[in-house]
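Take this structure first; my questions come after.
To keep things simple, chains are lettered A, B, C and D as they appear, and every chain counts its residues starting from 1.
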Amino acid sequence: MGEPIKIELTIPSLSDYVGVARLSASGIANRMKFTHEDIEDIKIAVSEACTNAVQYAYGDIVGEIKLSFFIHDNYLEIKVKDNGRGFDINNQADTNTNDPEKIGLGLGIVFMRSLMDKVDYSSSVDSGTEVIMIKKLPVQRNDV
Amino acid sequence: MVLDLNVSVREKNSVPIIDLEGEIDVYTYPKLSDALKLVFDKYPTVKDLIINLNNVRYIDSTGLGVIANGANQISKISNGYITIINATPQIRKIFDVSGLVSTNFYLFDNEDVALQNLANKSN
Amino acid sequence: MGEPIKIELTIPSLSDYVGVARLSASGIANRMKFTHEDIEDIKIAVSEACTNAVQYAYGDIVGEIKLSFFIHDNYLEIKVKDNGRGFDINNQADTNTNDPEKIGLGLGIVFMRSLMDKVDYSSSVDSGTEVIMIKKLPVQRNDV
Amino acid sequence: MVLDLNVSVREKNSVPIIDLEGEIDVYTYPKLSDALKLVFDKYPTVKDLIINLNNVRYIDSTGLGVIANGANQISKISNGYITIINATPQIRKIFDVSGLVSTNFYLFDNEDVALQNLANKSN
């Protein structure tokens, strides 16, 4: 057990660098010996969190997105944090509008929740948005 | 092609086919939007459109959003459909999770099966 | 011109995560449209700097390695910093010993200097080691 | 195989060949050291040894260090040499920059050329 190993990555809120976050996530998941499928799931979940921060957090200015990866014995914990305008998690009524200019379909959070084992969103107008996601390693024989 | 996307458009049996190679994410999706716009301009009465994911290794909600948008457009134009081919199992899973398949588009294993199916449909 | 774009990555001084630093570097260099060959050069230089921090900076304890990438218009600047024991850059006499247990051949710094356009080492016993490396983008026609 | 290394050992014309696949860095190099140790144990009078980099996409000073160490050992054992084959241009460049080639080992394009050359040498 003991302290988890921590890796931190800070990228600007530009679409250009979401792929860099994804690459880092895949490298870390690879080291933890996640399956190929789990690694793909983690890549998507990390990208979705970063994509939202790029698209919604800062409006027209460029802010920071901070990713923290905590490598635990049996799971990977990923925190994606922005200092943007935040949103009301319980009131996303307008995400399914038919506005043709809005590319989002409200799938980002759906994907995170489907692909990870646990997803916690906390967001407020003052302190931006933080999502904490957990992906468990497959249970090993000798742990049972 | 890591972190990037190549897009090209061709035609077979009168069906426009968009071939994609690379990753479709928030950075690269405009290339796919542009290709769709190009197809809708060139084929103003298009009934069917194939998107070939054979060399696509990554797609997320931004990519699905663009494809769903294209499906809406082709539906308005001609009640047409978008057909996705050569999706890897992982990408099929993403399509499944999205809940978009069948209401918005078809998934087929490969080009031959897809073209055969589209030909049968129009008979 | 303007301020360079900054990306930061902090990894523990464990050999496991040098590859993650390399992946991030290659993603960033990719976005900057470096050639395939330049990207490989950058990957090696970043790995060498991290490898040295892993092997020499902290002895048996695990410390942090902080990488900062500054994306300028015409070049990439990479800073790799540890807070380890430092060394005397002008006195590496013993790096070419015949000690069969010592895997290093003194090639790390040679590689960095050969593959990058500029390499500045600063190291002291108090403040650890910092290496700043620069790789220039190929000169573009319309810049000339 | 991103960020990892697969190692296997085989033999052709009595020459042990180490096939590598992946990346050789500070994390993976012990796998290559182990393979070299295994070869020196199994062939205590080994004269020639081939290292096949056909599927190696990355190598840095830690990898070169291990190979140079192996070259020192085979030199002591039998005045033998290590022969590197199938290095990409980028990896050849790294070998060149290192200044290790020819004093410590040979570089050949591929297995056939290397084996031919080793056969000629022993005649």
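Miscellaneous remarks
Here is the rule we go by: contacts are C-beta pairs under 8 Å (C-beta built on N, C-alpha and C of every residue); 3 or more make two chains touch, one makes a residue touch a chain.
All values reported here derive from a predicted model rather than from experimental measurement.
Among the remaining chains, those touching chain A as well as chain B are C.
The minimum number of touch steps linking chain B to chain D comes to 2.
The chain pair with more C-beta contacts between its two chains, of B-C and C-D, is C-D. We define each chain's centre as the mean of its Cα atoms; on that basis chain A and chain D are separated by 42 Å. Mean C-alpha position of chain C lies 26 Å from that of chain D. For chain C, residues that reach two or more other chains under the stated contact definition are 16, 19-20, 23, 26-27, 31. Residues of chain B found to touch two or more other chains are 2-3.
With chains as nodes and touching pairs as edges, the resulting graph is of another kind, matching none of line, ring, star or complete. Contacts between chains, counted with the stated touch criterion, involve the pairs A-B, A-C, A-D, B-C, C-D.
Those residues of chain A that touch chain C in the shared complex are 5-12, 14, 16-17, 19-20, 23-24, 26-28, 31. Residues of chain C touching chain D in their complex: 15-16, 18-20, 22-23, 37, 40, 43-44, 47-48, 50-51, 54-55, 100, 103-105, 107-108, 110-111, 114-115.
The touching residues of chain C, when paired with chain B in their complex, are 26-27, 30-31. Of all the residues in chain D, the ones that touch chain C in their complex are 2-3, 23, 25-27, 29, 58, 60-62, 64-66, 68-69, 72, 90, 94, 97-98, 100. Considering their complex, residues 2-4 of chain D touch chain A.
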